[in-house]
């Protein structure tokens, strides 16, 4: 469903992505692990097109999308959430979801009618709000809801584009353990045919939801396989768990 | 028409002379922007003030006194502006800054009218710069050569200060990344203050040296503003290299445009600006950061 | 996103009734001032649409207004079109010009956007100033007003013309509200808040910017058409960047992003200018100082200040901890 | 046509004729007191006030004056003109510096039937194609000032000329006037350039071209700030010696010549007035103006002065309202500072002699030496079909 072939990227002297080739099957849940600065977010940015790789290619559902701009990739079914909330602060929760849903349903450029009032947009808004558990806050402005709810909304906005592949950048960053468990449930409730790639710091969550695990270190894939194998991997413990415990 | 090599040399010098005048103006504006992210539309008004101060001072002590003191006087106005307005506007968005300095243009324009009236003021070039120099088989006004040399001297001095001194290193650090500069223990406020005043002084200097060439009128600040903005936007806001490149491009396009395509002369430079922004939305040499 | 609040409705009602009252009672000079206000209000409405709701601060709207004015003059005199057709034509031309400018400048942000629009405005100004077809510096005369005799209106009567402008402004205001609350308007506000995210959600950002800029340009063009019909004479000064600057001043003076505020600002600005210029030829100084004071006060203009005050007052009165219910009230108004 | 214009200007119903006392004439002055032409506005107003003070006693009428700032914006000027006509209900208006402003108020003035004494704007069309019985020009027309100079320069043995002027209507009309007679007399124009108006600060590129053109002389029109920059830069390039500078006299107007300094010495230009004209009327005017303002009067001051005088002369015929004043103004003639002058009834433009003068160093700064007085000639009619005054 989503595949990279020999992706490579340098920022000056820093080699942030080294020859990364990963392949996600349809419906696969994969977690990317790695210490800070391992190049996880940089990889995401190249997947969605916010960064252009120096070498290599990105394929979505078998199509080479390396040269497509961000917006076009999203319209072909690739969507992401961010590690740092990138919400529309002055707007309500419903409007945040509505903006995304309107784009997906081609209502975002209507001049004479309100996109949010369209039934197909409303349907997505209700549906996604239910999925990410923000239904009670639909009419509240982003500035009025708690951080945890904002994290859920962050994922919700990405979901409202009805993606085939969802990339989540540390969805649980900064939330407490209770909230993290909520995320766990949320992830498990997502439709099974949705392909999900998650950057995650929380090892427990990672092992819990992942079908497969990829470990990045210094921009390089150092492990790619089943969670069980990862759990036992000595290499992983050294480069990842070590630094994780430090952090 | 007897157009020969001498003609083109003459035009090249004209282009260079115009470039240097614009460089004196744009360098201050662009460094202020690079460091403080502050767009001072009133920079042109400070240039006009420089010309007025110079014309006024010259009546008492001649050209050289005016040449030395007018920039100081404009820097003094800069001190007032900085402590009264600019300091408080630093955190505001670009629009608030554009508007405050837009209001400042209005106010300064009428203030010059109140103090000096509507009639143009006089500032004559000193006798030693009054004639013409002969070189490369052409004759060129000494005063214009003086402007070119002055521009190059300022350029060299700035290059030295920025490249070789501690304060220069601080400014470069500040332009690259102001948060980091603050972390390095640089007194950012003080640095801003110094740079703002030096920028004002350079605008005043440009006004003082332009005065013998042009007419000193209340509108001169408004007339020079747009060319200066074009220079720094083409070059890239906040970039030293950009100010140099922008000035040269403007001087060349304006001078040779007037010769080769007179009907298009005034549209040409705007078209060029639009083209640059389409291809490189942040100018030719954008400052890092 | 634009929302009508009770306060905004009240301000609109007040403005509209004041305008209508003035239109029926004022003498000739009062009517002149009112017409000037209405035309300026239309221009700043167009500017607030893009600057206040799209973050696109334009210094080219004066030029777009000029395109409308010149478009109307040329189409109706040399083009030989009937005035109503020429009006539509001029509005479309300025809309198209604005769309192109918006599309080209879409990649620029902040000060670069301001400068890029300035460049296009100055380009148009220089061209109009020098091209003989536009009458150069001397401008163009011989402009006529549309003949609405069929519906029993004589636009050559000042009072009728004021009402015509008022009706046009009301229509444009309604259109602006509809546009701002439409899918396009919402997308644009999304872009203003977070352009990167909107792109990541699949939006073709430049198209949205260009479309809204084009619509705003049509409104600016219409204000130019009305200005041409009002003065019956046009000159390149209409396109000068200082016109755009003044329009921006009015938007800020009134309250950016409130749509109602700029209307208040237009009225305040025109009246202020006339009053002060009657007293002194140094009116620029007074306007400059007022502008600096308003921006330094950090209030969002006159209307923004009123809104902030009334919100404070409202919050004190109903010590309601649940802001959500208030938001719902506001939403049901929209 | 007239009705529709009237109607459009909101005058159709009940054109309020001034109901003031029979012999009080209300005058509206439309002049720029801010913007680039503010200096001209002040100069004309000073001349006008002086003229009223000086000649006012000759008539039984009394005058009250309302001044309005037109800036340099035609729409603003039109608004102010409307205010003068509708609210202040003036009997007559005077002033107008720029041709753009004149073009803007023309239909309004014509439609409302308010006499307007033009005290500067030289647009040829105002007393040509667009002439009106209500618009009387006491200043000059662009062609008028330059035409005699073409013949004169050719007669001085100058055969090849390069011309320069700002790129706007007045600049082109001035140069066209000169070129017309210069080529008719057998002269040759070897090059022409029009520089972007009010945007050109550096004339260097154009001067280099003029130098390379092989001309015997350069003929230019520049005014105000542009004139100062031009004359200074012309001198600094050392062109004056080999390539003498000629032009329309605004180039070295007394108002600006001191800012030009020695650079203006030796420049030969033609104008309808210079303060050194040797006549009792002029000596009296200059003395009075110097006493009042401390500076030598310019052509702009004399426009205001003569506009006031024309008004007084008209009122002496008993004219005291819009229609009678308009009719009387067209028949005005007198011997003033500029010499014998009259109004050509075919166009309502002033007929006046033109003076060729050289700017020279005097005892107290630069002064003007009159080289020749060229006879007054009425402008060609230029398509003016003067309608009769009807009200």
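In order of appearance the chains are A, B, C and D, and numbering begins at 1 in each one.
Everything that follows uses one rule, which is that contacts are C-beta pairs under 8 Å (C-beta built on N, C-alpha and C of every residue); 3 or more make two chains touch, one makes a residue touch a chain.
Keep in mind that this is a model prediction, so the values were computed, not measured.
Novice: Along the graph of touching chains, what's the shortest path length in steps from chain A to chain D?
Specialist: 2
Novice: Would you mind checking which chain's C-alpha centre is most distant from the centre of chain C?
Specialist: Between chain C and every other chain, the largest centroid distance is to A.
Novice: Of the chains shown, whose Cα mean is nearest the mean of all protein Cα atoms?
Specialist: The most central chain, going by mean C-alpha position, is C.
Novice: How many Å are there between the centre of chain A and the centre of chain B, using C-alpha atoms for each centre?
Specialist: Centre separation, chain A to chain B: 49 Å.
Novice: When the centre of a chain is set as the mean of its C-alpha atoms, what distance in Å lies between chain B and chain C?
Specialist: Taking the average C-alpha coordinate of chain B and of chain C, the gap between them is 33 Å.
Novice: Could you please state the distance in Å, as a whole number, between where the Cα atoms of chain B are centred and where those of chain D are centred?
Specialist: From the centre of chain B to the centre of chain D is 37 Å.
Novice: How far is the middle of chain C from the middle of chain D, if each middle is the mean of its Cα atoms, in Å?
Specialist: 38
Novice: Mark out which residues of chain D touch at least two other chains, giving numbers and ranges.
Specialist: In chain D, 34, 38, 196, 199 touch at least two other chains.
Novice: For chain C, write out the residues touching at least two other chains, lowest number first.
Specialist: Residues 126, 129-130, 282, 284 of chain C touch two or more partner chains.
Novice: Name the touching chain pairs, would you?
Specialist: Touching chain pairs, listed by label, are A-C, B-C, B-D, C-D.
Novice: Quick one: which bits of chain C touch chain B in the complex? Just the residue numbers, please.
Specialist: 51, 57, 104-105, 107-112, 114-116, 118-120, 122-123, 126-127, 129-130, 241, 245, 248-249, 252, 256, 282, 284-285, 287-292, 295-296, 298
Novice: So in the complex, the part of chain B that touches chain D is made up of which residues?
Specialist: Against chain D, chain B makes touches at 1-4, 7, 10-11, 14, 17-18, 113, 117-122, 124-125, 130-132, 139-141, 143-144, 212-220, 223-224, 254-256, 258-259, 262, 265-266.
Novice: Where on chain B does chain C make contact in their complex?
Specialist: Going through chain B, the ones touching chain C are 33, 39, 85, 88-89, 92, 94-96, 98-100, 102-111, 113-114, 226, 229-230, 233, 237, 263, 266-267, 270-271, 273-274, 277-278, 281-283.
Novice: For a test of understanding, state which residues of chain A touch chain C in their complex under the given definition.
Specialist: Going by the criterion above, the answer is residues 48, 50, 69-72, 74-75, 79-80, 82, 86-92, 95, 98-100, 102-104, 107-116, 118, 137, 139-141, 144, 157-158, 160-161.
Novice: Taking the complex as given, what residues does chain C use to touch chain D?
Specialist: By the definition above, chain C touches chain D via 27-29, 31-32, 36, 126, 129-130, 135-139, 141, 144-145, 154, 156-159, 227, 231-235, 237-238, 277, 281-284.
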